[in-house]
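Going in written order, the chains are labelled A, B and C, and every chain counts its residues from 1.
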Amino acid sequence: MTTPLLDIRDLRLVVSLGRSAHHPLLKGVSFQIMPGEAYGLVGESGSGKSVTSLAVMGLLKRPLAVSGGEILFKGQNLLALPKREMRRLRGNRIAMIFQEPMTALNPLSTVGRQIAEMFVLHQGKSWGEAEKLAVEALGNVRVPNPDRRAKNYPHQMSGGLRQRVMIAMALACSPDLLIADEPTTALDVTVQAEVLRLIKELCAARGTAVLFISHDLGVIASICQRVGVMYSGCLVEENETRALFEGPRHEYTRGLLGALPRLGSRSEHGRQRLVDIDSIISDRSKLTESRFIAPRDLEGSQP
Amino acid sequence: MTAPLLQVDDLHVRFPISGGGLLGTGRRALHAVNGISFELAKGECLSIVGESGCGKSTTALSILGLQEPSEGMIRFRGQPLAGPGAPGRMDRAKAVQMVFQDPYASLNPRQSVRTSLAAPLRLHGITAASEIEGRIEAMLKNVGLTPEQAGRYPHEFSGGQRQRIGIARALILEPEIVVLDEPVSALDVSIRAQIINLLLDLQEKLSLSYLMISHDLSVVEHMSDRVLVMYFGEIVEEGGWREIFEAPTHPYTRRLIAAIPDPDAALNSAAKPDLYPTMPQLVGRSFVSDGSTAPDVFTAPARSELIEIGGNHRVRMAVA
Amino acid sequence: MRLGFNFWLGATLTALVILAGILAQWIAPFDPVLDADLMSSELPPDATFWFGTDGQGRDVYTRILYGAQISLTVGIVSQVINSIIGVTLGMTAGYWGGWWDDLVNGLTNVMLAIPSLIFALAVMAVLGPGLPSLLIALGLTNWSWTCRIARSSTLSLKSQGYVQAAQTLGYGDLRIMFTQVLPNMMGPILVMATLGMGSAVLSEAALSFLGLGIQPPFPSWGSMLTDARQLIQLAPWAALFPGLAIFLSVLGFNLLGDGLRDSLDPHMRTRKP
């Protein structure tokens, strides 16, 4: 049995509201990601999916704080790691892409230089060599005319191109884990489709595992092998993607899937009323008491 | 023959881009909407789909009177709604109203729900307190809120409830046309279904006509009777929802539908062997971008026409 | 509703100034002008003259109480004028744009380029000294920042959905400005006005100190400072207490301004659901 790449055990997170008051944001979340696997976290706003990713990156800021649990990355507890060690992992072994690439890119530096910096910082390359590698990296994310584009500043690029630059930076050092937090939400659908395909292909080629966070079930389905459904700080259901979509077992997952208009269903079945999630869930406060985590057959889940 | 409820005829909207010369010489214009024509019938839901910059929002703003058209005519029951001879805001308000995308920015944080709903009524000459109160109460019930909630302020409501208030405000003057600008895309997934159901119920109950602006094709397929596909200021395909979704003809429409991240499509990729087919030669427009480069919106497009290809299904073709 | 310590300190200081101004004629032990007695001039603070007496033997405490009336009038009236000018120009410029916006912007820049005290001096020179011309001078000179804030707030509020919604509901431009735009920028405007009250009190003191403001023998904190200047070594209290009054009232207005910004936020007006 292979050891998981990322093993989150009973992670608890609070937001502190003054001296002694705490409000729990994560109430004991556990899941594992195998090397090379794409794992999706899906949930609505406030479900805790984004803070989970920030905790893995070690980017939680006050008033957010971890109050319990472990985050094991290759067997090493990230929560106990000194800041310097964590910084060395970040960008090198664990990389992240965000929803709005404009905020993550330095507006005063060319994109080529920003990608090159990753090679200089983490692989000790010289600037000359790193800049060549940066152009190559831009070509890998299918930016047309990479040598010319490397000299562009972020504001000279469209949203889709900027997200490609972010992906090039994130994958520059062939990390073991890529965390993608709603990376395509701000993009147009056709651009989104291309960016998703890019993430899928490049990560598969490098053996990079993906933790993909989204509110969009369709996006998750098109990229992930396994899915965890989060609600109110808890993982309420986890299963392989196909099994989850075909046979959701938790009532929240059922409600979520029923609430979604599906393409083509009107042609087949006529217009059916969408499921009102509140009509099938009797008591939202009891939702997190039950959970369905499908037992995992490791051989079967590996592609 | 009676005039259609809403008729848009050869609408153009150009935005001047000042650039070049110090004295504003060499002015260029961004052709946001480039000669589009369509009609909206009573009780119909017509959707305009397309990606950012395609001109769908500008079209909606022109109909609402928030954007002056550069050319063309918009008629409501045969009477001009924009341009010369247009009625004032007061008359237009009773014809067309709008539901906004962002329920957080669309309500005045300093006005209670009652104030937001009562002010337009008073403005339009309804002054009896009992009638105002009665209409607010009825409208809140219509959108699934309780009359007791009228005294509250927007920040006391959730996103879904705010969108209900936004719908109530759009309907309080009893308009015949409601423009829905991405009405659910800012909402949580589980809330979307409730708002979509509500909009469909209200459409039937009050026999409303919807003009929906959206990029979410699954929602469009679920709600629309007819669909317009816009690409850089032009309609490239137009038809009933069945024609557009079952037999998309223009390459851009096909591309748009193929790009939808739909769980069923993603899981049954056997049904769609190639999710991203190579683009066939595009008719009418020489530039469908792959998303990496922006098309040149400053030069006039190649001459092309919407050709009828059966039923009410029309698609843009190049003309020699 | 939770308001910070600073707000309460500011509110208390402001309330003290207001009370002093209103109650001056009942609580002041002497008359600010008539009770001049050269025999008891330059007396240090004691049980009779709490803050001592000035060069002409007038009670400094009494004159400070009456001076509060002048300071308050100057602060409030000049800021009301400033806010009306600034908000009207800024809001219409931001809302309508075009040549009107260019014109207002140009005017604002010109106003900002001229030091406001110099401008006030020029106005006073034309109108002559005295309270009414002081009010006009200070009211005409300090609206540029308010105008800029009103303009930029309007620009950002204009794109909010509720302003567009008001347009589609048939509201006229002025109605939209007064019901949708203005209430949502009252916070920063009010803060500007309270902060401006502080600087108006300072400007009044400066102009009176220069002999252009309130004319003797009527008491204003600035003119009291002028009078006390020659005696600074003999009777430091005659300068210290008006100075302290200026300092504390300006501090009060500023703290109050900050506190008001928080309390005007509608999110503080929550009721239990």
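Quick notes on this structure:
Throughout what follows, a residue touches a chain if its C-beta (ideal position, glycine included) is under 8 Å from a C-beta of that chain, and two chains touch if they have at least 3 such contacts.
Source: prediction; values computed, not measured.
Farthest from chain A, judged by the mean position of CA atoms in each chain, is C. When the interfaces B-C and A-B are ranked by how many C-beta pairs touch across them, A-B comes first.
Mean C-alpha positions place chain A and chain C at a centre distance of 54 Å. In this assembly, the C-alpha centroid of chain B lies 49 Å from the C-alpha centroid of chain C. As a whole-number value, the distance joining the C-alpha centres of chain A and chain B reads 32 Å. Contacts from chain C toward chain B in the complex involve residues 160-162, 164-165, 167-172, 175, 179-180, 183-184, 266-267, 269-271, 273. Residues of chain B that touch chain A in their complex: 51-52, 188-190, 192-194, 196-197, 215, 217-219, 221-222, 241-242, 245-246, 255-267, 275-276, 290-294. Per the touch definition, chain A reaches chain B in the complex via residues 44-45, 142-144, 158, 160-161, 164, 188-194, 196-197, 215-222, 241-242, 245-246, 255-264, 266-267, 271, 273-278. Of all the residues in chain B, the ones that touch chain C in their complex are 64-66, 88-94, 96-98, 100-102, 105-111, 116, 119-120, 123-124, 152-153, 155-156, 166, 169-170, 173.
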